[in-house]
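Each chain carries a letter (A, B, C, D, E and F) given by its place in the written order, and its residues are counted from 1.
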Amino acid sequence: MASLPADFFHPVSGMEMPRFAGLPTFMRLPHVTLADPIIDQVQLGLVGVPWDAGTTNRPGPRHGPRQLRDLSTMIRAGNPVTGINPFSMINCADLGDVAPNPVDIIDCMERISAFYADLKSRDIFALTVGGDHLVSLPVLRGLASDAPVGLIQFDSHTDLFDSYFGGNKYTHGTPFRRAIEEGLVDPKRMVQIGIRGTAYNIEDVEWGQAQGVRIIRIEEFFDRGVSDVMSEVREIVGDQPTYCTYDIDFVDPAFAPGTGTPEVGGPNSFQALQVVRELAGIQLVGADLVEVSPPFDTDGNTAWLGASILFEMLCVSAEAISRR
Amino acid sequence: MASLPADFFHPVSGMEMPRFAGLPTFMRLPHVTLADPIIDQVQLGLVGVPWDAGTTNRPGPRHGPRQLRDLSTMIRAGNPVTGINPFSMINCADLGDVAPNPVDIIDCMERISAFYADLKSRDIFALTVGGDHLVSLPVLRGLASDAPVGLIQFDSHTDLFDSYFGGNKYTHGTPFRRAIEEGLVDPKRMVQIGIRGTAYNIEDVEWGQAQGVRIIRIEEFFDRGVSDVMSEVREIVGDQPTYCTYDIDFVDPAFAPGTGTPEVGGPNSFQALQVVRELAGIQLVGADLVEVSPPFDTDGNTAWLGASILFEMLCVSAEAISRR
Amino acid sequence: MASLPADFFHPVSGMEMPRFAGLPTFMRLPHVTLADPIIDQVQLGLVGVPWDAGTTNRPGPRHGPRQLRDLSTMIRAGNPVTGINPFSMINCADLGDVAPNPVDIIDCMERISAFYADLKSRDIFALTVGGDHLVSLPVLRGLASDAPVGLIQFDSHTDLFDSYFGGNKYTHGTPFRRAIEEGLVDPKRMVQIGIRGTAYNIEDVEWGQAQGVRIIRIEEFFDRGVSDVMSEVREIVGDQPTYCTYDIDFVDPAFAPGTGTPEVGGPNSFQALQVVRELAGIQLVGADLVEVSPPFDTDGNTAWLGASILFEMLCVSAEAISRR
Amino acid sequence: MASLPADFFHPVSGMEMPRFAGLPTFMRLPHVTLADPIIDQVQLGLVGVPWDAGTTNRPGPRHGPRQLRDLSTMIRAGNPVTGINPFSMINCADLGDVAPNPVDIIDCMERISAFYADLKSRDIFALTVGGDHLVSLPVLRGLASDAPVGLIQFDSHTDLFDSYFGGNKYTHGTPFRRAIEEGLVDPKRMVQIGIRGTAYNIEDVEWGQAQGVRIIRIEEFFDRGVSDVMSEVREIVGDQPTYCTYDIDFVDPAFAPGTGTPEVGGPNSFQALQVVRELAGIQLVGADLVEVSPPFDTDGNTAWLGASILFEMLCVSAEAISRR
Amino acid sequence: MASLPADFFHPVSGMEMPRFAGLPTFMRLPHVTLADPIIDQVQLGLVGVPWDAGTTNRPGPRHGPRQLRDLSTMIRAGNPVTGINPFSMINCADLGDVAPNPVDIIDCMERISAFYADLKSRDIFALTVGGDHLVSLPVLRGLASDAPVGLIQFDSHTDLFDSYFGGNKYTHGTPFRRAIEEGLVDPKRMVQIGIRGTAYNIEDVEWGQAQGVRIIRIEEFFDRGVSDVMSEVREIVGDQPTYCTYDIDFVDPAFAPGTGTPEVGGPNSFQALQVVRELAGIQLVGADLVEVSPPFDTDGNTAWLGASILFEMLCVSAEAISRR
Amino acid sequence: MASLPADFFHPVSGMEMPRFAGLPTFMRLPHVTLADPIIDQVQLGLVGVPWDAGTTNRPGPRHGPRQLRDLSTMIRAGNPVTGINPFSMINCADLGDVAPNPVDIIDCMERISAFYADLKSRDIFALTVGGDHLVSLPVLRGLASDAPVGLIQFDSHTDLFDSYFGGNKYTHGTPFRRAIEEGLVDPKRMVQIGIRGTAYNIEDVEWGQAQGVRIIRIEEFFDRGVSDVMSEVREIVGDQPTYCTYDIDFVDPAFAPGTGTPEVGGPNSFQALQVVRELAGIQLVGADLVEVSPPFDTDGNTAWLGASILFEMLCVSAEAISRR
């Protein structure tokens, strides 16, 4: 292992290998599998979960990891806004995809949970690329098996429904109901930002609020502004372990058309990055970006925005890891 | 008729029939034709007018109603922002399309006017889905035959020109000149919001202002903000019968690319909804959404924004109907 | 019922209502639900099954029925090649969609089977629009509960695999293995046409041939020509009840790009229609068209070809029904 | 005029000015207007007629001339198949577009007829680029005012209907009914090749055949082959003046998706060129290519095929002109 | 020359020739070549430079001029915001494209420089349409051969890098490093607005700042607002000759997806126009718009925004020319 | 190395890891770099050359390798037509991309030649994925340094021109002129199949034929059929070392729209595969597929056809390697 080149965990530079060239890994990082001895040196792993079997509407997020790898090759090494150079702080790698089962929800959730439990046992921070929002549930089962975590959710939907289609408990509209019920998430330390769109009913909102979840609708978000809202967010989750889940439909569909259940009237791309930068200082234990759906992303700019969000997530995660 | 199920006039829920399934009617409402006895119970009808023969530039809005039906199947039942559940307030239905004549402007305008005169005689509120902006003229002929109405127009163009191509009086650039001339609209109670873009000349603006039309350009709109502008709008139209016409090119083309004559530098999608919510309290007698052009709507998000606007229109219309 | 207009079961003419106008039903036929008394007069029902939960690769066919309804509005009333005017022979209607469950394969297959058993009990011939190829299995369970039927399968894949992903028995790659095992299809009266593409292994082919299935690869198809091949097909199924399943990936992807698992080197669109015309005389008891995937159908021409194929299927079905 | 450079009427070479550069004129020919003295030296003019007001279905051909100019910049100077170098034989130019009136059918037809009568008076051969198929009627009015011409029509539809929508005589489905009625075309010297698709009724076919029009359906075309069919075509029109009209929907939509009323099961692109080459020897007096609809031409290849067909038309026209 | 019609240098009106018709020149202006005697009357020339050989990432801007000509046909004659009617102030023309050499960077830069030196010698103001950003370097070589000019750069990247791929000095990431080194631009009178995105390193920024370049990052731009920032810009360049270069990737990719190296989190389309209007009063000696890449501009709205920006540039340029 | 799993050189099965999942390598083979000791076991390497700096027209092939990797994940392990299971015959791997220099033609050709000379020295058979057609020249320089090879070229253009744009010797229209001049290819053992399209002049054809190159135009190809033509091809190259280059524009653009210089009237996809299968028995020493241009490949089916062609190439190459 000593023989790894000094820049092994650094992205390939686009000034040497043009950005359109080379095999597309997340941010041009090395691909390291769990079976590879190098895995022991990895501190943060980008993991794809190409799975959308929980989608109740328009499918596609199963293609998300591949397209995000492709577009992420345009990410460079440093963050001039925050001054963070994450790849100099920690060892990052692309851990590949969890092998999904597209036709069996229960089996696939077990596969995912097992993968993340393994990562947790290796003390590797996981930055997950979905997949639809049901992905977050088995990830949390893997990561939060010991104690409930706080949850910061950027989203236009609560995903707190009880069931669909006459009783189905596992869909991309239910993961956080389950996560609270299973004790994976502490609803008192849970906050949702950006909620909007028409509603079947308010059962989800009422249930969530009854558990203690703080729901910040988009009108409040625009009224107060990013800084003020995010201050409250940091206060809610405090200094305990916290997971961040980012549904790309949080962003307005003009900026992120490539998603299955878009809601108009959302934040722009600058705000989409700002909210992640405001996670600095939180004790993150994992994060995900979900619901990027390439079939609806006609020009690839949703994936490009997603890759840019992932990079901001990686920066705040690198800080959190370094602080440990 | 007594045997209609209790939820007959309610949209099919996406939690029972997934939103991608089933025949696409506007907002998953029942399809009721004028020949159907159930029509007597309808209070608000969504009507398609798939016609773009007045288009001077890039055609396509004839395909608008079908695509808007398709995307509107993602609309749910309630409006969490205003707290309105329109389908619980009034009986709504999809009345189908007016049979257009794509090759004969005069004949087609007569068909449309006759249809709307019939609706008026039945006291059914019409929410119209175009079609290009010439559609508004025959609709107004049908609805405003008794007395001129006030007019609120969201648009990037005045559509107040006199004629095109050497004398043609009926195009999508002239409907409101005709409507004022014909006494269908009271220019003193008429206001246009969002006007922008380059200009052939200022003949349209000067004529309109000479009649008393209030023209609020986009620079003023951005300077003053939605609330202030809409207060003035409500004052201009007062408490008399008022029609609202919404040209999708009011919105910036990043949010609504699917239209034939886009003008950059417009409102975002949040503002696109806000202005409709601010119509609360106005005595609406009809409304339309026009110029959605599917051939230019490469990812369907223009139609999705259009459907979201239609839902907001339906909410304020339901209130207006309930107040009668 | 006596009051139904004489042309009730006839498509709306595009010379009266332009083809881009009106609510899109299959071939502009009336929409009749099972709850409607008119259902008793229906002899052939077009049924949508918007479901692709069995898809192992790229999803999308759940959107098939809606897009096929849309494009099928360009179909007119008569078949100049065969001289058949199906709508004058039998009463046809659009029966809407089976309400699918996108997140529960077993539940959804039960829903579908129940729907088709109902149709069978009403003696309504079902022309099914998928959905992925797993749809054919529950359809056959509904239709072939009494005795095994013959099967004519146009496809580039055998769909005779045993299981995927470590044991999953129900995917779009397995329906006819199951159908044979369950006694729904008589493998001696089963024929597959157009098989091609690379192969994982030949387990599917060997198993099928061992049961007696006749597999006509594309090379043989091109060598012998449509007439000769289809003569053999008619001989294989004989004059007993036979079901026809048509996977759009039978056709070359230049003509039908909108599908999830295309295989190059297939028939052209003329041959795609010819093979259906050659079903004349067979005792059809049902037919389906599956795997049209709108997200991959960038210009709608796959759906247009699909609609054209459906019309040819409807013509031979009308004959079969008339002969009874 | 003596000062015109020797290569004035020759296309700009892509080896000097790359084909993506420069203002797009038809085949990179000089743009010469009727007001320009150089017009006296022009023998063949390419003319755009960007007009689709006669379209009964999906609009778009008004954008045809511009897109065809764009793609035609990839055409080079010689025809290796026939050995013809048309630009060395005759002086060709791009005459620009007839100024259309998109909202007035009668006025626009008069504009077009006047333009072509002018060309005829100047003895300039016109190669027309539509526009929809109604364009051919005013062109014929301009060119065939003296005596009826023969007509060769490549098309999937007869365009011989009497009227649409309750009496409209001028649509893209009626031009040749009018042309025969007006004595512009001699039906005994008229032949249609490629007819197919579903039918409203057979009124068009019966009327045409009663006048003496020879209708060669696609089945006959495929059975006999290009050579045999085109021999008959040449015999039908004989050595008298003949016009050729080419509707791009003659070609299978896999090769020409960009059109408003496609019919599957048509010729491929090789045959699409072959039939034009087989016009050699005919006394052509004009030709057009119509119904290329850019909004449906997602990758530009329909326009590219159209440009290739135009070049073949130009080659046989150059021969016909040279023979005079 | 006396015989030129009075409106020779005015755009063709869309009320006479519809905007989709006619050969597409920039803003429907006359096409005048350098060889044409009329050139002596031209004061401002729009010039296409269809060249992207300096592109290090995703190519396409070579197609920019043609697409911008196409979309610019929707521009009308007057600017209602500023009250400027540029075509009444000065004589404008489309000068065509510089013939590029796509396979030889040095040769092509010489071609471009020679063309602009010629324009300078004729005292024709050049408004350039790229092409990638390397285009600006040879343009400046042609225009600023006498003395360094001030530079206003709207961009998300500094384009101040030294070299790529092991020593290549000429790419679209290096033009302004070269321009400063060559004394074409006075770095003390140079300002960059909108810089953002991830970074390889900060070598470019440090070098630029060391030369005196003022770099205004996007965060500062949003904090201070357009007016305040542009006041500083005007102060920096003062009243000496100044060139303006506008990289379309300055704008957020939701508004301008059609570019090769987009960076999310940028200005909207209203701000994109505002910054140009704020150039009023500056002594402009030339301007360009670069990096519009049609292959990534799926709906043409990037080119439409680009055309709108070009019109605003043309308005402030007309003023600057008139002031001379 | 002994510890490599038995299936190390076998593609990942889509029945275990769904085909949309996992990092996309060519045909899901292992990624092995030249620096990896495993390289010694590789017999055939798939190599990407993402470079299109020689493109004279519409760029894009630099994106080819990445898109072909993506689509090639749908290739399975065996070839049912020929019975070949290449991955069981030889050890195959994805060797990644040659690092291209997009802005320096000479430098980049040296990089490529060096890479291939290295492969040759290691006795690894290279299957190359372009890139534009200029790629073939440096590949041949690397592989054919000892003695000229035979050449089989599937193409619609000869690529035998001398120079472009006033003297540029290296473009995608000149590689085989150079290869013959440099003694890399024996023109007596060189054959081109599928040539068609309009022509600047016949200088290329005349020069080639003078050297002894056999040029089979598309008309001859269609007249004689695949078998007859390919018999002649095999005779021409004989049993000496031969290279095969396949320009995707050999295929008709309906089947392969994603290329920069398409020519209509070409072979279909079945013939596109057949011609490769007919290479069985030839002593191949290398092969490439070039000119797949993702920006023009709107639905990915060009890349899918390309991947299918690559698989057939791999099968005949595996045989050739096994015979050694």
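Brief remarks follow.
One rule holds in what follows: a contact is a pair of C-beta atoms (placed from the backbone, for glycine too) under 8 Å apart; a residue touches a chain by one contact, two chains touch by 3 or more.
Note that the structure is predicted; figures quoted are calculated from it, not measured.
Looking at chain E and chain F, the chains in contact with each of them are A, D.
Any chain touching chain D that also touches chain F appears here: C, E. Residues touching across the chain B and chain D pair largely coincide in numbering: over half of the numbers involved belong to both copies. In the Cα superposition of chain A onto chain F, the rotation angle, rounded to steps of 5, is 180 degrees. Chain pairs D-E and C-F differ in how many C-beta pairs are in contact, and the one with more is C-F. With respect to chain E, maximal separation of chain centres occurs for C (centres as means of Cα atoms). Averaging Cα atoms per chain gives one point for each, and the point farthest from that of chain A is the centre of D.
With centres set at the average Cα position, the gap from chain B to chain E is 39 Å. Mean C-alpha position of chain C lies 56 Å from that of chain E. Multi-chain contact residues, meaning those touching two or more other chains, occur in chain D at positions 16, 18, 20, 56, 58, 62-63, 102, 164-166, 252, 254, 268, 296, 298.
Because contacts link the chains in a way that matches no line, ring, star or complete pattern, their graph is best described as other.
By the definition of touch given earlier, these chain pairs are in contact: A-B, A-C, A-E, A-F, B-C, B-D, B-E, C-D, C-F, D-E, D-F, E-F. Residues 52-56, 58-60, 62-63, 101-105, 107, 164-166, 168, 170-171, 295-296 of chain B are the ones touching chain D in the complex. The residues of chain C lying in touch with chain B in their complex are 16-18, 20-25, 31, 48, 50, 62-63, 65-66, 69-70, 94, 96-97, 99-100, 102.
Across the complex, chain F meets chain D through its residues 56-58, 161, 164-166, 196-202, 205, 217-219, 222, 252-254, 257-258, 261-266, 268, 296-298.
Those residues of chain D lying in contact with chain F across their complex are 13-16, 18-20, 74-81, 252, 254-255, 268-270, 272-273, 298-301, 304-305, 308, 311.
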